[in-house]
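In what follows, chain A forms one complex with chain B and a second complex with chain C.
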Partner chain A sequence: MLKRSLRKTHKKTISNEKSSSKDIKLKESDIPSNFEETIDTFKSIYSYPDNQDVVLRPIDISGINKKSTILFINTITDSKAIEDYVISPLLNNNDSSKKVEDIITIQSIKTKSKVGDIITKINQGNAALFVEGEDHAYLLGASNFESRAVEKAQNENVVKGPKEGFNEKATTNISLIRKRVKSENLVVESHIISKRSKNDLFLLYEKDLVSDKLLQNVKNRVNSLDVDAIQNLSLLEQYIEERKYSIFPTILYTERPDRAASFIEDGYIVLLMDNSPDALVLPATFWSFYHTSEEHYLRFPYGNFTRLLRILALFITLFTSSLYVAVVTYHSEMVPPDLLLAIAATREKLPFPAAVEVFIMEFAFELIREAGLRVPSPIGPTIGIVGALILGQAAVQANIVSPIVVIIVALGGLSSFAIGDISMNFTIRISRFLLLLSASFMGLYGITALFTMGIFYMVSIKSFGVPYLSPLTPSYASSGDKIFRKVLQKEILRPGYLKPKDLKKR
Partner chain B sequence: MLIKEILGKFILVLFLLLFLSGCWDQKEVEELAFVIAIGIDKVEDKENKVRITYLISNPEAGSSAQSGGSQEPPREIISFVADDFISSRNMANSVIAKQITYDLLRMLIVSEDFARDENFIRWIYDATKSMEIERDIKLLVTKEESATFFQNNKPLLETRPHEYFEKILATGNEMGTIPESQLYQFFRITEADADLFLGIYGTTLKDENIQTSDDPQQITAGEFDFQGESNLTQFLGSAVFKEAMMIDSLTIEETRMAILLNPSLKPGFFLGTIPDPFDEKYRIAFRMENASPLKFDLKLTGGTPSIHVTVPLLLEVLSNHSMTGYQKDEEKRNKLEQSIEDNLNKEFNDFVKKTQEEYKSEPFGWSLLARKKFSTISDWENFDWMETYSDMKIDVDVQVKLGKFGRQSDLPRIEEIRD
Partner chain C sequence: MEQSKQLIGIKEYIAIVLLMVGTKVTDNTPTILFEYIKNAGWMAPIINGLIAIFPIYLLIKVFTIYKGKSLLEVSDHLFGKFFSFIILFIMLVVAFGAVIVDTAIYTDIIGTMYFTKTPTIIVYGILMLVCAYGATRGFEQIGSVAWTVFPYLQVSLFFALILTIGQGNTAFIFPILGDGAWEVVKESSLRLSLYADFLYLFLFYPYIKSEIVFKKGTWLALVFIIMNLSIVMVCYIFLFDYKTIMQLNYPYHELIRTISLGFIINMEAFFLPFWLIATFVRFSIYLYINAILFGHLFKIKHFEYLIPSLATLIVFLGMIPENPTFIIFDIKEKLLLMTSPLFFLLPLLMWLVAMFKGEFKNANKRNIR
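Entry: the complex of A and B
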């Protein structure tokens, strides 16, 4: 019944959809030859004068005595530049022999005749100049979108190394990368990926390194998108990834230009977009989520010490709470007598089984974390106090949880912050709960079984054709930057799994 | 679509399997009563029953955790007659509230009376059947009934029972006053049917008619005379088992020699004393350790089988009551070395002779070395180690090397002080 009724509602067609064939036809056509008609067409397209920030300014070009009109959207255009380099030269011209292109002193001028193309350019912040008697419009590059300045990277902090982070303006971001890769081989390709909002996507790669097959693969996937709007890279990531239900991320998301640049230099492809203070790096392997840029900025022993801490933290996060539950409920003979008796003593008066107890605390910890993230910053510090005091101290005193569980959950929670990447962080946190669940039902056997299944799964997934755990398994030629890194002078190979055109770094 | 549906159902079934079949041996730690030691005694007139004693640890005792830490006693002892120590668990639960578990079992204690019984082997082998009993637990023999032993044993400082037993046995092992005595060794030696097994010997009863003997090293459990305010329990010497039956007990010194002569054990530092060659009134204290591995020369085929053992020892002289100046006089040092060597040689050879004549087998684990000399198992079995051992020509040769003479080797000359 339910199914049938659902099917019925689903069948209902959306009736109020208007045909847009007229609009499409208009956009395909050239601009009308009649100057007045042209202006009227664009007035209607931009709903002038209802549209407040659309500016239409008629200009009589002195000298050559032609009527013209300049059209731009003043909120996304540099009005000062238009005034100085377009309007005033046009008005002050005395030379009757000069062409319009020569009178205007602005940096970039393009001519377009299709209505659709002109609209696109205007929407990108350019100004359009229509001149009487000419069958094309001049498009003047004066776009000026609002954006913040280059600031410190917020989420990927380093102590030693560059502090710059990407901001929401793609041109700034490209400039930040060009600053690091000063090479003519660095290509910045632009693709329009959405149908309605016409979002631009920039593909950055080194043309003498990147594998053509990989590049083609990425381009195909980006160009085959059929959506109205993709505002930023976080959304694009979900459109182009292969396994949308998987808990493992397959595209790296970084806000550090230095990281993006070093990936480009290894033959990876980097995606940039406006409105995204970050870059997407693809393909991504497990290791790229595990590494941070600081490990290469720190000297060899220090960097590897950090790596050691991180891999330990990874396993501590995954396994402490589940191991505790498994050992306490199924395998008490494994624990040294003193510890076992201490655990038994603290559990003596507790109302819940160990598994429930750990679940409660883990859940509470996740709550503190989420609350701390969402809470308005003025009352932020209270969250820490409330969380630590109420959940830690009071819960133990009220005999709801044992002190050992507080230690275990706090240790696991603390360690989970060592994985900096937000996606991998979620992966680890979710797997921790899955492991906890299997531990509470099947003990150590459950943990082992689930972990093995997880490893199987990780080996099976690929990111743009690259196995997730490569170069560890399957083994590839690479610089050996896996769990630990080598001395810089020994990292002489680019990752072989990318099939770069030039494997050896000089 | 169909595939997705089937896959979905399959995953659901897997999950159900997890939830329905999980938790089958789940047991929370606070629901368990941890038995630290089991005592087994003979029951008068009933050959098919044993008296089982449980020493149960109270986890809350001595715990400083906020939710624990009560004034409860650290242990609980329950003693009753049962068929064996496996089924006895259920019976104990009619008195003990929590489920009895052997997860933390560290010791199996039998009374000497029971250990000397020929039926002892029938009960001790139950330990191989139970899943929970680990093979590295200790086997202890007590002079009295084990039930009495448990009740008399009241450690003053290490009140938590597992802690007390672990500590005192580990220390005794290191000092060489008691053998290692793990259960699996007992099973292995019994089944190999060639050597003697040494079990830990202990008691809480002081032997009333002991006289302070000449040599404080020649004592066994119950013979250590001490006064003061402490626990009555003493673990000293070892119980000798031949073919899974206790036949005798060894003194501290004999236990130490048995450990030193055993090539499979790694002895620590042993302290001992011997008569001073320069003044028979006094004894010299020394610390000895194996300088290098033992050397064996086994001639088992052709004529009388003979074994020649070289025991290289490193000695540190730690007391010098005769106040002889060794450090500057090589002659004196040689005399000392010779005297120690003679002494130890005599002790070792006397002990070996004792094992040959009294026990007709050895507690040194030499049969493992001898086995290598035979090419087939039947050859070895025909040789019959236990039978042949008593007739073997055995020669122990101790080679002493003197080490330091204590932290300060020089002593003041007594004549100068008393002038």
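Entry: the complex of A and C
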């Protein structure tokens, strides 16, 4: 209570905030009936002519003899299309009986009368045509945002299978998905999720598969956002996830349209946004972070071999360095005598305890990794030289670390790359340090205690109502795609934890 | 802590029961059995198991009338508020005593066998910290964890047993009946409380997906446990012979110290993590049981919040005995003896009362609150 009253007294009054009620009122109202007034209103809204890329072009429509003005932002609009399909038909019209809609030959025309709606459309790259004597504006679809072409997926590489990746343009991404799911049941819903920048969010799902409750849950969460701007999906992910401080990710982030499409076909919901070369898939389970799309493209034995490698790599990453510390510090009797003598001999001249030694090397490895990521590519090779020579060889020769620690850390570091998903990769790397810490305090007892707590934590996580480890536990009807996958012909069920409307794949 | 109540399935349920009861074979329970029944000790789980069928059958019979009600509500209904309070209170005392004694034993195992230099309070503290954390997650989560780890624990146990059989002497099993058939039956039935945990399982009745799952799960779990316990105990005999086991306090830990695989001579550190996981899950369940009982008796609705304080209390009570290896061993023996009649008589009493009250006849019309 004291806290609350203190907070009350400390509440600052935000003084220099101007009232925007006038603007809001203007945006809610219809466009003025007077043509000149309309143009002036929009001129003031768009700060014309200070605003360099706003184009206002008066046109006298011949034939029907009406004054009109076209307004668009030329940096995000296809000026060529406007010129060919709007301006020249209007100027060259001879027929006095034609209506404006029929003169213009551009493919999409909408009419809107609210100022706010018109502004939104113009900001999205459409052109607005105001015609004298009409109480609405024509909105002409000609948006043309700059974007790169469809390229190879950067982070989720496959050897066998499609190589296309999403790019920063949502319409392209939707088209990439539609290319794979050619169904009228695929719904692309659009929501405006931010108040100031009006960022568009696209919700993709198959309407005859997705569970209504899940869909409603996602929509509620997306619509309840109250923020000025959310630029892209990476930011949105942090707004809609449930546990913000958890080290486990609960929303899957993929840049592969084939992966997104296969999730949609299973009854998941996919989110797309402009400026995001990726898609968010929800809900996500632990397994979706552990899988990659390639395991299904490879034949059954090869795919499962990869899975086996990955699960081993996962455990190697998590446990090698901590087990080494635990064994050397607390359970040295476990090591066969010859090996123990070998380890002891290399550690003879070292000044540090095993835990410190491993910490130094692990930290150095993380530094190399981070540096490799940030360094400009022309000087990239330097990192390799520094890493291999200084940290590998020189550190051993200088008796800072023992050779076996270099092996252990390198093995753990190498294995950590087997987990492709970037969020899960961080989870594993952070957990590795936590395990290392617990191993240095309590040996195997500490490792096991932390591991058990971790499992307890994992089973209590839910992603949009779906338990994190399902279908392993709690068990649900599904194709059993967990650590290993089945033969394709036997994967006939959609995941039951999503409560899809149609469980069976035909 | 406001978890959505999701009911648990048969896999999770069986895993919970197996971890609750099956783990006993790795502490000093086998020693207690071997002490009185000599080398027929491995029969005790079987004989007790057969006897235990009776009370479990009666309980299931009673509980099928009250669909989805837990032991607490059924007891309240059958015995009335006052007597029910006494009975449940006795159950709480027994459960709390058992969890103190058992955690003290497990701490002692960790302290004497693996971490000889670490202060007891730290070992004990970490044990209860993990268990309390697990228990606060909720019953469904404990079940999930139990099922997630169970296959690996079972595999590690069987791996140890296979190595044991290879290194043991099968002739140690003779004479099969030890001191004689009557002695075996008498002494083992006095320690029926080996399976007393089954009584507490009926607290979880409303958490289980369906009646059939509960019935089937309980019986299957009983069979698995009997098999597990007796097979492991037979292996102890193969490796040590009964004279040694009577001396050994923690035969499982001596066993994993003794066996070797090729060039790896000391394997205990390989088995330790698996055993520890089982321990953590086991005491999470026990803590949860205590919290449920305590919460019901003293009308605390959000009993999950009790768990941390119960865990702290357990640490301090369990630390009291100065020489746990002997004192706790004694207490545990007494507890086993004292609990046996409770486990046998309470179900009988419940069944009789239900019978006299005529509950079985108008089962279909009944709908208690």
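We adopt the following convention: the second predicted complex is superposed on the first by the 496 of 506 C-alpha atoms of A that agree within 3 Å, B and C clash if a C-alpha of one lies under 4 Å from a C-alpha of the other, contacts with A are read in each partner's own complex, and residues count from 1 in each chain.
Here is the rule we go by: a residue touches a chain if its C-beta (ideal position, glycine included) is under 8 Å from a C-beta of that chain, and two chains touch if they have at least 3 such contacts.
Every value quoted in this text rests on a predicted model; they were computed, and no experiment measured them.
With both structures placed on the common chain, the touch criterion links A:467 to chain C but leaves chain B unconnected.
Legend: residue contacts after superposition of the two complexes on their common chain; A:330 is shown touching both chain B and chain C. Of the two partner chains placed by superposition, A:89 touches none, neither chain B nor chain C. In the superposition on chain A, no contact is made by A:116 with either chain B or chain C. By the touch criterion defined above, A:442 lies against chain B and chain C together after alignment on the C-alpha atoms of chain A. By the document's definition of touching, of the two partners only chain B reaches A:399; chain C does not.
In the superposition on chain A, A:32 contacts neither chain B nor chain C.
Using the contact criterion defined above for the overlaid structures, shared-chain residue A:345 touches chain B, although it does not reach chain C. In the superposition on chain A, chain A positions 330, 333, 337, 442-443, 446 are in contact with chain B in one complex as well as with chain C in the other. Within the complex, the chain B residues that touch chain A are 18-19, 22-23, 25-30, 32, 34, 57, 59-60, 63, 65-69, 101, 103-104, 106, 132, 134, 160, 162-163, 166. Those residues of chain A lying in contact with chain C across their complex are 327, 330-331, 333-334, 336-337, 442-449, 451-453, 455-457, 459-460, 467, 469, 472-475. Note for the complex: chain A touches chain B at residues 328-330, 332-333, 337-338, 340-350, 353-354, 396-397, 399, 402-404, 438, 440-443, 446. Taken together, the chain C residues at the contact with chain A in this complex read 3, 6, 8-9, 11-12, 110, 114-115, 118, 122-123, 126-127, 129-130, 133-134, 137-138, 140-145, 147-149, 263-270, 272-273, 276-277, 280-281, 284.
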